[in-house]
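First comes the structure, then the notes that go with it.
Chain nomenclature is as follows: A, B and C, assigned in order of appearance, with residue numbering initiated at 1 for each chain independently.
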Amino acid sequence: MDKQIPLDEVIAGLQDKYPEQLAVVEGSLQPAVRVKTEVFLKVMQDLKNEYGLDFLADLTAVDLGDEGFRGITHVMSWRPYRMLRVEVDTPRNQPRIPSLVDLWPAADVQEREAYDMFGIVYDGHPKLTRILLSDNFEGYPLRKDFQVASKR
Amino acid sequence: MSLAEDKFLRTEELTLNLGPQHPSTHGVYRAILTLDGEYVKGMENVIGYLHRGMEKLAEARTYTQFIPYPDRLDYASGMLNELGYVQAVEKLMGVEVPERAEYIRIIMAELQRMASHMVMLGSYALDLGGYTPWMYFFRDREKILDLFEMVSGGRMTLNYMRIGGVADDLPPEFLPRLKQFMAEMPASFEEYDNIVTGNEIFIARTKGVGVFKADQALAYGVTGPNLRAAGVDYDLRKAAPYGIYDRFEFDIPVFENGDCFDRFVIRIEEMKQSLRIIEQAIAALPDGPVKAKVPRVIKPPQGEVYHQIEGSKGCLGYYVVSDGSNKPYRLHIHGPSFINVGALPEMCMDLVLQDVIATIASIDFILGEVDR
Amino acid sequence: MENLFVNISGALRGWFAGIGLPPMAVEAVMALVYLVAILAFVLLNVVYLVYLERKISAYMQQRLGPNRVGPRGLFQTLLDVLKLFGKEDIIPNAADRWVFRLAAILVMVPAIMAFAVVPFGQGMIAVDLNIGIFYFVAVSSTATIAFLMAGWGSNNKWALLGGMRTVAQMVSYELPMVLSLLGVVMLAGSLNMSDIMAAQKTVWFVVLQPVAFLIYLVASTAELNRQPFDLPEGEQELTAGPFTEYSGMRYALFFLAEYTNMIAVSAIAATLFLGGPQGPWLPSWLWFVIKVYVMILIYMWFRWTFPRIRIDHLMAFNWKFLVPLSLANVLITGIGLEIYKWYQVIRW
């Protein structure tokens, strides 16, 4: 397939394919789509293999408070330069997101970092352990309800 | 038949701790090596010794208060880190930066890129046992740091960029000194070639060592000079020009082999291109204010932005989420060193211990950015 | 001036005989005097060499080097040594205590012993053995054991790797070094240092044996474990190789041994290739010191210019290049000698 499809066509194509599970994020500065957990891996596969957005620029997460966590993934290509943000929401009590390690080995360390900071479990990650913090660290520091020691 | 397969000569694998206190891990990086003889059969990264919780700290600082913090990420390229951060916030707010400030930013960014490459090249030579080249690179880096001291008062932790411009205009003695520095550099490049790049031992130790091909590098998310050394002409300054990079004429050096030698030489070539950019920037430097009119309290509108710039080590990304208050709701820093270190075990497989040292040095990571 | 030290030695000998010591005792006491003289010469030079090395590296790297202690920093090493004396002597719990302790002493012994056959000037050899070179080669090769002991006794993986590398490297490079000396011995027709010196009255052996000199230069750099062959220590790889666990004075001993070896190797090179202690105008012992320092400066120049070689390149370079080359040199020297003989016969 042609790898140089403009981004709006990519998003339109994805919307056709996953009408129920995928929505365009309105009012965002940069193009973004929000997908359901069950199709997240499929969407990423399509983006990588069919639409040529084959470079994982960044992977992280945001704490939304009571609504849970949002996994943020930026994929891109650079000829022409396109970047798309893919958001995936996961509940707070049991945060689980499919792992992208099989698609991009680059996701390995970044998912470990997100696990380290937010406690999000990436299903299918070969070795999901703490990476920056020590193994016996309690809690997940980037969660909003985490109490910093001096403020406890 | 390898030694290990020989029934009569029983050998054992040796687990070796490289670091956290080791002269060539550039800080507090630790790798657990599994050695068969001197061959690496397994490598596991242990990082986080320098973790300061930058992203958590950001949530308790105002946007302006956070400006000095990126200096402490990759402490060899403070200007670039700051630039990435302030541009991300400006993007979120839609601030127009004055022309003069844009040009000053370009000059600073390219000087910083050179300084950072000099640190890498010098310590690389040092890790291969060349003590003298190290001083040559640091001698030239010193001149850049002097220039930084003139404009910002700091040498490594600069705190010079501001949201909407830069902190201060250039002092009058800055440009003459910069021009003098640029006039001196060609002679230095020749010296680098003579003492390192042309050295038989150096070539023998780096050519074909630690090869990381383009497809591997892309899969592992490696960016910057390390990727370009493998043959991918990906440079954000050209692919998605931020600031005013689209106004300058420069080339992106690309090499093919992706080995330690290419990763060394490409940085020298990039420094030459940086000089070209600075030269054009000086020529076109306009007069005018160096700071846009921005509110005293920075309150970006609700929203989020991912901004990436071409740092000295690769794509440096800032993901800023604003909830409309004066503090970032979430700030994520995508450090290229972190990604490059993640690819290190793959690069080092089946190398001998000495080559591992060369490879670690060649991918140029700074622990401040790895651990954040 | 020329016979200054010979006269002192003669006067001492006469004085010892004069106070009624039997000839055997006089010899024994004189041996002790020589030892003290050699130790004084070596240690003074070593202390100065450390300073020199730091200054030279500084000049090569456009720095100043030590310049705070004493005029131009001359007392820097002295104070460094004093500081090292005052340091705590740490022996790791897991170390093999006796091997660990012994290694630091043993590394110094062959380095000093080698000086017994070094001609410091005309008639200034402590023991003029008829197998002088052979003695030097034999003694200096035992230093390998001390390095292995240090590496093994430390019970540290880095040290062990360093110790193993040292042994592999020193044993390998011994071959081309000895073979390169063989060319000189063939020309001189003797293993005796004085004879070799005498054989260079007209022309230095560096002219007749340039290849042997170059091989010796390379192989001896490897024997000294100096850049570009400093793999055993390889600071950036093995932290300090066999010396990783050593501290204080024991570490200083290894350090001193390296410089002592450097003087010894340079002295042998000066004797065998550069005509030994002979030259016009100046006294012979001064000539000797000058030649030794020329050699030392070459070693320092190497060290501060080259990066470190890789271990497999090191081995390949030795076995595939240096050893065959030195064997060929011996062969060609032999053929040359035969032709020279025939030429002399024909001329008669």
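What we mean here is this: contacts are C-beta pairs under 8 Å (C-beta built on N, C-alpha and C of every residue); 3 or more make two chains touch, one makes a residue touch a chain.
Being a predicted model, the structure only gives us computed values, none of them experimental.
K.L.:
Farthest from chain C in C-alpha centre terms, which chain would that be?
P.N.:
Relative to chain C, the chain whose C-alpha centre sits farthest away is A.
K.L.:
Using CA atom means as chain centres, which chain is nearest the centre of all the protein shown?
P.N.:
B
K.L.:
So, what's the distance in Å between the C-alpha centres of chain B and chain A?
P.N.:
Here chain A and chain B have centroids separated by 25 Å.
K.L.:
Round to the nearest whole Å and give the separation of the Cα centres of chain B and chain C.
P.N.:
45
K.L.:
At what distance in angstrom does the C-alpha mean of chain C lie from that of chain A?
P.N.:
The separation of the two C-alpha centroids amounts to 64 Å.
K.L.:
For the complex, give me every residue of chain B touching chain C.
P.N.:
Per the stated touch rule, the residues are 14, 16, 22-24, 38, 125-136, 139, 195-196, 199, 201-202, 204-205, 352-355, 357.
K.L.:
Note which residues of chain B are touching chain A in the complex, please.
P.N.:
For chain B paired with chain A, touching residues are 47-48, 51, 53, 55-56, 91-92, 218-222, 234, 236, 239-240, 303-306, 308, 315, 317, 319, 321, 329-330, 332, 334, 338-339, 341-343, 346, 371-372.
K.L.:
Applying the document's contact rule, which stretches of chain A touch chain B when the two form their complex?
P.N.:
Chain A reaches chain B through residues 27-30, 54-58, 60, 62-63, 72, 74, 78-79, 81, 83, 85, 104-106, 108-110, 113, 117, 130-134, 141-142, 146, 148.
K.L.:
Mind pulling up the chain C residues that touch chain B in the complex?
P.N.:
Touch list, chain C to chain B: 57, 60-63, 157-158, 161, 227-228, 230-231, 234-237, 239, 304-313.
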